[in-house]
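The structures considered in this document are given below.
Each of the next two complexes has subunit A plus one other chain: subunit B in the first, subunit C in the second.
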Partner chain A sequence: MSVKIEKEQIKDKPELLLWKIAGSLGTESINDISSKFEEIINQNYKFLIAEMSNVNFISSAALGQFMGCRQMLVEKGGDMVFSGVNLDIKTKLSAMGALKIFKFYNELRTAINAYEWEVEKKPEKVYLSFPPELKFVPAVRQMVSRIAKQKGYSQRDAFRIETIVDEICNNAVEHGSVDQKKNIEATVIIGKEKIELEVVNTSDPNKIEHLKEISNSLKTLSPKHDERRGRGLALIKMLSNKLDINFSGDGTSVHVTKLREE
Partner chain B sequence: MESQIELEYEDIKGHSNAKLVRFIGDLDATNVETVLEKICNLFNDGFINIVADFKKLRYVNSTGLGILLHFSKSAKEKNGSFKIANVNENVYEIIEIIGATTLLEIYDEIEEALASLK
Partner chain C sequence: MNTPYKFKLKFPSDLDYIPPIRKFIAETLTVTQFTPKFAYRSEVIVDEICHNAIVHGSRSLNAEIELECEIYPDKFEFRVKDEGGKKEDLEKLKSVVKKSDVSALGLSEGNENRGLGLEIVRLLSEEIDMEIGENNKTTVRVVRKREDF
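So, the complex of A and B:
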């Protein structure tokens, strides 16, 4: 049994190389790994994804060789990760302690996304479209909050983001969307340092001036016992770092920037 | 789907016109009316002193906070009180940002809130 290692350059990522590995990574494979890796070092790559979905065996010697390769990349400020490792091999690698050293991704796309997020600091975009009804808002706000947590935002930041999304969407439902057939469109751009939210809803053109007045008056906090509503925008303003509201044509768009704080 | 919120009630020994109410879940625009109705029913049944235990209240938004202020006001109008205890730090931050900490009776522990009942 032998091993086949195909190298592939990923577009627009000059420091990242993909190895598509197939076959068995037995003891005899370490020379192949070593010679291929030398090319990586000579060509100044810093990051390596080893795609393993067609690998059926890995020996401790091959794992040791990979550890050495990773160490050299780490010393250059890079890393080596695995994608597509099947469950049997992953269990074996786990027993050998590899899960504490390497990052494993189920799919190649996920590994590339992680590279874009960690190394290129490329933000991720999520689009959400939902009917203008209150009952959809909890799911939307909780989803955005979970994404923030998944991306390493603290519990406290995730809670603030959840509140901001909730308040914007509630306002979009309450003050906009005269045409019930048109969905509310939300865009979430989540980066390592900040999260940006934009929520767009339709509104009655005849009410635009009235909405402008509301938005101006609601930006100040005025907690009084007799007012059960009307604190949403003020809360968004206090929890976020930037708040813009635009009324144009037949729609309203709210844009919020929230910096990562912890 | 409406956010989940559950209210659990408990009598308070020595105070026939008071109830301990445990809020469990999220209080937001989708369920404020339900909560409003339940608490107003307590007021109407003569329980003019409410001690709200927020230990398991995970989330509150501005609409939810609005009805808490409404409960506080309604209780005072009936010569009663609406006291809150065990508020988690995220919920407390929202109350604080809105500037409602001075408008609501907030206690760290439920025992303190109970002890303050007249």
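So, the complex of A and C:
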């Protein structure tokens, strides 16, 4: 069975091309691969995703041809990756050493997300609403830390992020209104180079003035309040690159930006 | 009736997010006095439902998954919403949710692993149903009751 390679432009991504490959990538396919690649190498494309879910066989000759294609793209500052490769073929490719050279993604969406993350540096957003009780804070901070690690942040960076989340969420619970019991809302915007956290809660009206005092004291070098209070916010300020606290109506919003260190 | 603890999560339709999300659900169940066994089985269900939503229920590039859950003293209920998959996938999903027979997903065609996830969910839960709204937006709802009463 011969190979069929269909090219598809991805909307709003002029440097990225998709190849939908179907059939058998035997030795006879290398001319097809080569001629299809010739068509694209002279255009603006730098990144290529080879979608392989309908491929039933790959020869070492075809893999060699793909390696050549990838090398030319890398020289242009780009890359070539695979998506949707089935387990049998992936095992064979692994034996041929392909896993050391190419990146593999389970499906096309993940490959495109990876492109957006790595090349376009597009951040991703996670929203969480949780009850204002201290017992939920460990799960929240660990979730954010795991997301950071999953997205490639180092253990150290992830742990510092976890510390920031812990302090902000503890504050949101401790200074939150005991009457309203409205959920705390946390938004995480994570990108390749930085992470932003925003936590919004309904504040205890009896504590707002004190909170404002602590917040203002963080802007000066010598806090006048009780040293034991405000340590959490001071810690967040030390670990992050930007800290903003806003009081509006009965709500408090804390916004933190932390640049990736490693 | 006790007021449940309510959580809501929205995250990108990307498999990378499943491990942190399912562990979060398991950890919240543990702190609300469900056993580790219950928490882990719930984690398994969340994993399967979210996996389906991402792989089969996300048509656009920037698709999001929404997960809402309520934790009661005696049960855990959650709903996973996605933007809806292809018509044929939706029909298959409906069929598997209604039936207990995994052959509803065409196992004879060599797709032995298809449908297994939902069968696992059915085995571990008390209720599972789905709703298809406007523009094929799909919600799968699962209820698990406390096992150690």
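Going forward, the second predicted complex is superposed on the first by the 231 of 262 C-alpha atoms of A that agree within 3 Å, B and C clash if a C-alpha of one lies under 4 Å from a C-alpha of the other, contacts with A are read in each partner's own complex, and residues count from 1 in each chain.
As a convention for this text, contacts are C-beta pairs under 8 Å (C-beta built on N, C-alpha and C of every residue); 3 or more make two chains touch, one makes a residue touch a chain.
These figures come from a predicted structure and were not determined experimentally.
Student: Per the contact definition in the header, classify A:V140: touching subunit B only (first), subunit C only (second), both, or neither.
Tutor: So A:V140 only meets subunit C here.
Student: Is A:I164 in contact with subunit B, with subunit C, with both, or with neither (first, second, both, neither)?
Tutor: So A:I164 meets neither subunit B nor subunit C here.
Student: Classify the contacts of A:S129 with the two partner chains as first (subunit B alone), second (subunit C alone), both, or neither.
Tutor: Only subunit C; A:S129 stays clear of subunit B.
Student: So, does A:K151 touch the first partner subunit B, the second partner subunit C, both, or neither?
Tutor: second
Student: Contacts for A:N183 in the overlay, against subunit B (first) and subunit C (second): which applies, first, second, both or neither?
Tutor: Touch partner of A:N183: subunit C, not subunit B.
Student: Answer with first, second, both or neither: which of subunit B and subunit C does A:N113 touch in the superposed model?
Tutor: A:N113 sits against subunit C, while subunit B stays out of touch.
Student: Would you tell me the residues on subunit A in contact with subunit B in one complex that are also in contact with subunit C in the other?
Tutor: Correct list for subunit A: 135, 138-139.
Student: Would you mind writing out the residues of subunit B in touch with subunit A in their complex?
Tutor: Touching subunit A: residues 1-3, 26, 28-30, 59, 61-63, 65-67, 69-70, 72-73, 89-90, 93-94, 97-100, 103 of subunit B.
Student: Would you tell me which residues of subunit C are touching subunit A in their complex?
Tutor: Residues 5-17, 19-21, 23-24, 27-28, 31-32, 54-55, 58, 61, 63 of subunit C touch subunit A in their complex.
Student: Once bound in the complex, which stretches of subunit A touch subunit B?
Tutor: 134-135, 137-139, 155-156, 159-160, 162-163, 166-167, 170, 221, 223-232, 234-235, 238-239
Student: Under the definition above, what is the set of subunit A residues touching subunit C in their complex?
Tutor: Those residues of subunit A that touch subunit C are 11, 106-107, 109-110, 112-113, 124-131, 133, 135-136, 138-140, 142-144, 146-147, 150-151, 183.
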